[in-house]
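Okay, so chain A shows up in both of these, paired with chain B first and chain C after.
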Partner chain A sequence: MYNKGTIIPGLIFFVLFVTFPVWFQGLKAGDMPKPELPPGGEKQCVMPADYMRANHMQLLNEWRDNVLRDGNREILEINGKKYPKGLQMACMECHSRKEKFCDSCHTYAAVDPYCWDCHLTPNEVASKEATH
Partner chain B sequence: MDKQRRKFLKIAGASVVAGIGAPVLVKLSSSPALASSDGGHAPVAAGHAPMPDAHGGGHVEEAPEGVRLGMVIDMRKIADTPALLDKAISACVNAHNVPQFPDKKNEIKWIWKAPFENVFTDKSASHTSKRVADTQFVALCNHCDDPPCVRACPTQATFKLAKNGIVAMDFHRCIGCRFCMAACPYGARSFNWQDPRPYIKKYNKEFPSRMRGVVEKCNFCGERLALGQEPACVEACKGTGAILFGDLNDAGSEVRAVLDKEFTIQRKPTLGTKPSVFYIV
Partner chain C sequence: MKYAYSFLAVLALVVFAWLGSKIPGMQYLFGVAIPYLAIMIFLGGFVYRVVYWAKSPVPFSIPTTCGQGKSLDFIKQDKLDCPTKTSEVVARMFLEIFAFRSLFRNTKSEIHEGPKITYESSKWLWLFALIFHYSFLVVVIRHMRLFLNPVPEWLQFLDFMDAGAVLQIGSPLFYASSAGLVLGVVLLFGRRLVNRQVRYISLLNDYFPLFLIFGIASTGMLMRYVLRDNIDIITIKELLVGLVTLSPVISAKIGSIFYIHVFLVSTLLVYFPFSKLMHMGGVFMSPTRNMANDSRAKRHINPWNDPTIKPHSYAGYEDEFREFMVDAGIPVEKELPPKADEEQG
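Let's look at the complex of A and B:
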């Protein structure tokens, strides 16, 4: 092989450089996020926690299509508690701190859902209620 | 060589004739069947297959089936108490987080005031009565039976709800192309040229805001109807009868009683959009 002295160190350097994000943290993915449980102490959700953890985005899309496309705004009732289909009206009622609940995992997973471009967090709502 | 060329030209010629002739034959053979299934009408309804009854004839009859929510606005009462209109508008603004941009060109309009000649552009405004000339009229989305905005929308972000006739919007899907604004003959749609949040005075936590680059309009308070409430503007004028709301297809409804009794006009009826908002002038 020609130029062995340059190519092999070069390859090694290249592989190390490309895998930098993997080994830099010592093969750890950082601390797992701990989303805050509802500050009000609610224990029940519209679906079991496991399901919500994995599928809340599909459920929200389903609700959106139900409410807007099909005009089906039927209020869900689970164990006597009423849940109007809606991020602001159902989810945020219990998970009232978006910054400590939604954001904790979304930041960790580097996903940037656009819900909050339009939907209001309880914090945002409070900012404009106090002035009036 | 020469023979082959002749053969090629023959085949090519025959193919061209067949290519042009085949669709004609198909059309000729299919049109009598269409006409007979249409009950003798000429096949004008071919393009309007889903609603042949509403569009078939020359003169337009409104679709009588199903719920069709509509509104009757009694301008005589609003002329007597113009404050009613301000109440109705602010109720809507508060209910839907409508931003109040200082610059008129950015205005977001769900329900708004305009003079008679701007609302009824196809009606003569010469020698109108003093009351009409002095009153600010009210305009909002007409929730047309045949909405041009719905046809214009490339993403189906705006659509007609079959169950109540509301021309609704799914803000999630709006890409901000503003075709609907060009299509709407009533100017009932507004575009968010900038982030509306700083211009919302007070938030209603039950309703979202919008983002920059999204079109919005009156939704006939679909979210309030679901809770058994009346639209915000109707509720604001409650007891005065200035704005009535109900099912236009229900012969027993309050709006129908008023429509049967009073002479009403619609905005730009000649366009064939069949507005659901009626005015008593």
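Let's look at the complex of A and C:
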């Protein structure tokens, strides 16, 4: 083998680069997210839990388009319960603690949704009302 | 036909993974066993190929010189295109690897009426390759968010730059690099179809990786944006973090599109070391790029040389064959010594 001095360090660098996620976290998987169930004990949602887990972001995006772009504020009625299309008006009525519900999975998956650029969590609403 | 076969081959892989992952119990084969096997073949094969190349001697000093070589002091040397020092070689290699400088020089020649030949610069390959490779790099790096827990800050920043910072389309957010990767593959494929000369020399193993990478990009995008049934990122990340911490679990049902995507990636990893894709390692190993043009300053010794064969000068050659040369009437520098016994006799 020729040029060992450069090729062997190069190969070691390459293997370390490819196996980066293995050694970077030292074989520790870390904690799984535990999203908090609604504090009020609500069991029913607009869609089944499986669907919501995979598709909630698309549903919210659809609602956003319905309400803000098409002016369609039709109120959904599911099993006799009424849901106005809105993150704060529907979702956060039950899932009231963003920090313990939304954030737990979003942080785990490194997702940074821009919902909160405009929306406020119930906590933030309360603190704003208190200061004004 | 060559591209049709490649397409069918990738399609067969997709169908295989799709049907296979539906069989109960086979999820561990497609989600755990095959990826592990693939990454081991990839690493082992890559190292094997590089070591194999490193064992081949370079008999001659053969850097490609594309500019003025080092000469007299008042003649300006083209340091990047005709490097004589290691630092210049490193600069040349750096630009080759990060900016694809040799593709930038690509020209096309055409024969017009006359007949008259024209040459013109053709930068399409350079542009397409740049779009393709950089998008692919970003795609690979940002996938690390699915393997690392907690996700490092710089990775989140990269993700943000790729999605939220430039585009803010849909939910989940659309990645610019997804578009770049698909666009790059389509453009490189289109080049092989449209350019007659390139089409003539294109082989099955030129089309296959393009289709395979297109398959990977499109299944990835379908999974993220369209076919979201049972695509719960938490379950998927649990499996992927499990893979890199050597304790994989599949805790809930994951949609088939995920297994198809993973199977195509595994195929790419296995195919990689034994195909043209090894240009990733090969670019570093190319003697025409990584040697300095200093053969007049430093003697390049051929490693093949048999040490028992000594240098043979012309004087030594004449000494050996003088008699025969004189016999054949070939002029010699040193005449034959006068023959003493003839004079005596």
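We adopt the following convention: the second predicted complex is superposed on the first by the 116 of 132 C-alpha atoms of A that agree within 3 Å, B and C clash if a C-alpha of one lies under 4 Å from a C-alpha of the other, contacts with A are read in each partner's own complex, and residues count from 1 in each chain.
Note that in this section a residue touches a chain if its C-beta (ideal position, glycine included) is under 8 Å from a C-beta of that chain, and two chains touch if they have at least 3 such contacts.
This structure is a prediction, so every number in the text was calculated from the model and none was measured.
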When the two structures are overlaid on chain A, which partner does A:Val125 contact: first (chain B), second (chain C), both, or neither?
first
One more residue to check, A:Met89. First (chain B), second (chain C), both or neither?
first
Between chain B and chain C, which one contacts more residues of chain A in the superposed model?
C
Figure out whether A:Gly71 sits in contact with chain B (first) or chain C (second), or with both, or with neither.
first
Partner chain in contact with A:Arg53 - chain B first, chain C second, else both or neither:
second
Could you say whether A:Cys105 touches chain B, chain C, both of them, or neither, answering first, second, both or neither?
second
Intersection of chain A interface sets (partners chain B, chain C)
114
Which stretch or stretches of chain B touch chain A in the complex?
97, 159, 161, 163-164, 166, 168-172, 197, 200-203, 205-211, 214, 222-223, 226
In the complex, chain A touches chain C at residues 1-4, 7, 10-11, 14-15, 18-22, 24-25, 27-33, 50, 53-55, 57-58, 60-61, 105, 107-114
Quick one: in the complex, what on chain C touches chain A?
39, 42-43, 46-47, 50-51, 54-58, 144-151, 155-156, 159-160, 164, 168, 170-172, 228-234, 237-238, 241-242, 244-247, 281, 284-285, 303
Contacting residues of chain A [partner chain B, same complex]:
64, 68-69, 71, 73, 86, 88-89, 114, 117-120, 122, 124-125, 128-129, 131-132
